[in-house]
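Consider the two complexes below, in which subunit A is the common component and subunit B and subunit C are the respective partners.
The block that comes next holds the complex of A and B.
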């Protein structure tokens, strides 16, 4: 890494199913103004704006970022890497600063998927139009296939998914950015409708709209403010077809090798050799409980042999690291912004500004991003100490 | 509250002390080739750029793409297109911007020390889908879409505004159109097939709109010295609403070019070759006026100068969002060919690229031969 880069300010709207009372620019303004105020930087002090918007079809308009995020007179670019869009946008801002092209970057991601009348039909169109689309593949059925794989290969049961979903729902009640937290028990998860076996309705992330903004700065602009420092980052891209990701030497589908490589690169930059010992908190971009569990191994937090037992400790809160104190994407998942929210929540914890969901003593965190069919993976390590 | 701090930082392409060099590039144009899928076309284009650079794919550690879902015809299209562009198990990112913005970001990765060799690729397949409908989808659904507004109509508005000041200029426009047809005919990368009728709105005339094409542009850039280096980059952003813009001044383009020149420590007078992006003949000509390369009203005549758009511009084949990268590659190939300069051969070139929404964003890049 080059000169240290800091997260100096963050801002979020409230997250709800549909913001019928605000247009996209109003959501962006709310989040961006909060982040700029938090950072103590005016908009005319920003050298680049990076917009994060995933599939245009979710909003029903092309390039909603140009209408809502881009500002006249300030260099602007949009990133779109699906569910990883928010974290990819943050990494793009880091690159700009590391290249010496500017010292302050505003990253804004916004999601309007509540305006999509049939979000899963849109997600169906991410799959192959000849081989997959007509069998109604969607992000839910994609996750169901993986959950089944985890159950057969490692011995997980649907109880694990239900208990983890209930745990994340319980902690989300403390997250004041979620307008209507959904709190439920594992029994209620098990009793909810099957979306695609073994996925129950209450395991699935809710449709969510909202905006998230982060101000990144070069170390020279931090002054006496309290930032969250970026200690390490990584990003890798995988091949498309899930069936192509089994019998290959690099690793099978459930190894999530791009996430594993992204985390390994970030750990290396941060000087982390034992992530479970080094990390205090992890925010995983996992919209389903089984997706979160699949990430534990890739992040080096447990071994394949210990996977089930580790998950049970994570559910019980005794895994040695705090998982998803925000409730994670299972509590709210504005697709374009969700990976940036993972980083924002980590920054809030490190800066001691997470409100009712604050956990004492958070000094080092990991936030992940996942886009496509877990194709695009990012990892970001934040710390309280200047690297 | 910090304001206006160190704005020079964004203009310094060499702010990190590292520089990006171009190692190779390729442009492929086709029309409705039923034997090749979109991913085939991308694979072909990126492979050609790697071959041109003499770079094995194993040496590549980063991939920067410029592509749009709606143009590619599926949500999150980079799920299938990124692997075809060489992204497998690499640090890949997709910009939904013009290809020159992707080239700028790819260069930033080199300057930041994050990458040693980066592939930059951009594409669009106009023969599939409805480019005008996709363009319309980016305009306000209540106030603009009902008028059928698309990028072509913004170009027509721009020309109307110009004609109100300077008249029809029929002779100059016809001469500029003839000139770029001849240049496109001599451009080995230009589209040869007939891509059919062009969407042209009044007062655009037949032949002044873009020749739609299936275009893939790919470039290999790296930290190692090459025949051509990226000397300066600039970006500009305009207002969203077309009615809020000065369509003739084109401030985003002017700001981007000014920033690129400042980063390179040059003035327009130091540039010997221009490849200026424009969807239509009028966009190309009026951009020259905006940049101060000719007096107001003189854009169409300036477009016939030998050192301005020798590629033939949008007459050689056009599909957003590939075109800024196409313009850059056109500059690169000519500078590289003049690597052993004789008197009068250009050593520095300016390429520009325009974004969606009727060119709301603009990127400019200065190249310099070693």
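The block that comes next holds the complex of A and C.
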């Protein structure tokens, strides 16, 4: 790798259904100012701002980022890779520094979906209008299709999805960035309405707004501060079409080939050969239990044969690595920001600043990003040691 | 100066734009075959031999143009499914089934509605569908050249997958 890049500061608003007391720029400022203060850098020390916003339609503001994230006098660009927007934005900022274009980058991702009175209508509009949109797809049924594949192929049951959802919900109670964490049992999940079989109402994360910001710097700016260092990264893309992924030689629908490749690349850069042994903590950008389970295999944490047993250990907390200490996206999923939150949470844990959700001894972490129907995947490994 | 606290102001807004999506020559022909001949046509990637259904003018994976047209079968396998059981804004009244089907002779799967399963007991219906049953294409009588000109109907007592996961 080139000169090391550090996460020197992070900032988050609280995550809530709607921030009706702030316009979008005010929401962004709160997270950005917190990240700059954490890094000990003023806005005048920033060489680039990268904005992360997924579809404009969720906020009902065309150019939402131009009016809320870009700042006078600082180069600016926007990234949109759906649910992977936040981590893709971070990778863009890191690349800017690695390329020698500057030494400090502010990455800000903001989710403003509370503006939409029917956000689900907008999610329903993301499908191919020629061949697929008329077939009544939704973002939830899109995930359900794959969950049924996992059940067919590996023998997962609805109980696995309900138990993992309950586990993540229980953990989220410790996360003070979430205004109203929802805690429920697996029985309550199973007893809630079926949205799109096998997904029940309690498995779908609530509408959430908020902003997350990260200050990235060249190693030269770190001084005596305590950063989280970037040890390895990877990002890959796939076809938009889910129907193209059933019979190809590599990368069947349940294999998350983009995540597997992104992780493999990041592990290689970080010198990791046994991820389960090397990683202390993993934050997976998985808005549903079945998506989290698919990631275990792709990340090399278990084999396909051991997938069900590994999942049961993950539910029991005996898998050998801390999963989703924030509660993960099942608890709180502000779409544009969620993948940056996965990285921010890892950085907080490494720096020992995760408050009530802090786990002792976190030295090395993995955070993933997933966008579209896993069309985009990112993997970011952070560490306490300067690489 | 002290100001009285006010309820946050909410300004109403609305996006209601009309669009027209240009489907391109390949999709135009695919839909014309559906409408006029009740045939399902795919295109073949000349390098890999992969037959794409619905038809695409090129393969996403390699940018290779697919200009050869092939008719595929009107039966196939239900690869994955979901049963939508709650009313979503803008979607049809539940319950209904959607799924990806690989038609005989095709190498990609096509999304459509699926019928032919009793949905009074959703879990029971799901157990049946987890067996990846064979399905057949059912065309509408009045076709208009859209993907909704057909749907899939489950062929009873077919399917080989174990489908152990329905508990």
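Note that in this section the second predicted complex is superposed on the first by the 387 of 387 C-alpha atoms of A that agree within 3 Å, B and C clash if a C-alpha of one lies under 4 Å from a C-alpha of the other, contacts with A are read in each partner's own complex, and residues count from 1 in each chain.
The working rule: a contact is a pair of C-beta atoms (placed from the backbone, for glycine too) under 8 Å apart; a residue touches a chain by one contact, two chains touch by 3 or more.
Keep in mind it's a predicted model, so treat the numbers as computed, not measured.
When the two structures are aligned on the shared chain, A:356 is found in touch with neither subunit B nor subunit C. Between subunit B and subunit C, B contacts the larger number of subunit A residues. Within the superposed three-chain model, A:57 lies in touch with subunit B and with subunit C [touch as defined at top].
Applying the stated contact rule after C-alpha superposition, one finds that A:129 touches each of subunit B and subunit C. In the superposed model, A:48 lies in contact with subunit B only, and not with subunit C. In the superposition on chain A, A:201 makes contact with subunit C only, while subunit B stays out of contact range. By the document's definition of touching, neither partner reaches A:277: not subunit B, not subunit C. Of the two partner chains, subunit B and subunit C are each touched by A:239.
Residues 57, 60, 129, 239-240 of subunit A contact both subunit B in one complex and subunit C in the other.
Within the complex formed with subunit C, the subunit A residues making contact are 20-21, 57, 60, 115, 118, 120-121, 124, 129-132, 134-138, 140-141, 144-159, 193-199, 201, 239-244, 246-248, 253.
On the side of subunit C, the complex with subunit A involves touching residues 8, 10, 13-15, 21, 23-24, 27, 50, 52, 54, 60-61, 79-86, 88-92, 96, 98-100, 102, 107-113, 122-123, 126, 129-130, 132, 146-148, 161-167.
Residues of subunit A that touch subunit B in their complex: 2, 40-42, 44-45, 47-48, 53-58, 60-63, 65-67, 70-82, 88, 91-92, 95-96, 98-104, 122-123, 125-126, 128-129, 221, 234-240, 250, 257-258, 261, 371-373, 375-376.
Contact residues on subunit B toward subunit A in their complex (touch as defined above): 1-7, 9-18, 63, 68-70, 74-76, 78-80, 82-83, 87-97, 101, 105, 107-109, 111-114, 134-135, 137-138, 140-141, 233-240, 251-252, 255, 355-357, 360-361.
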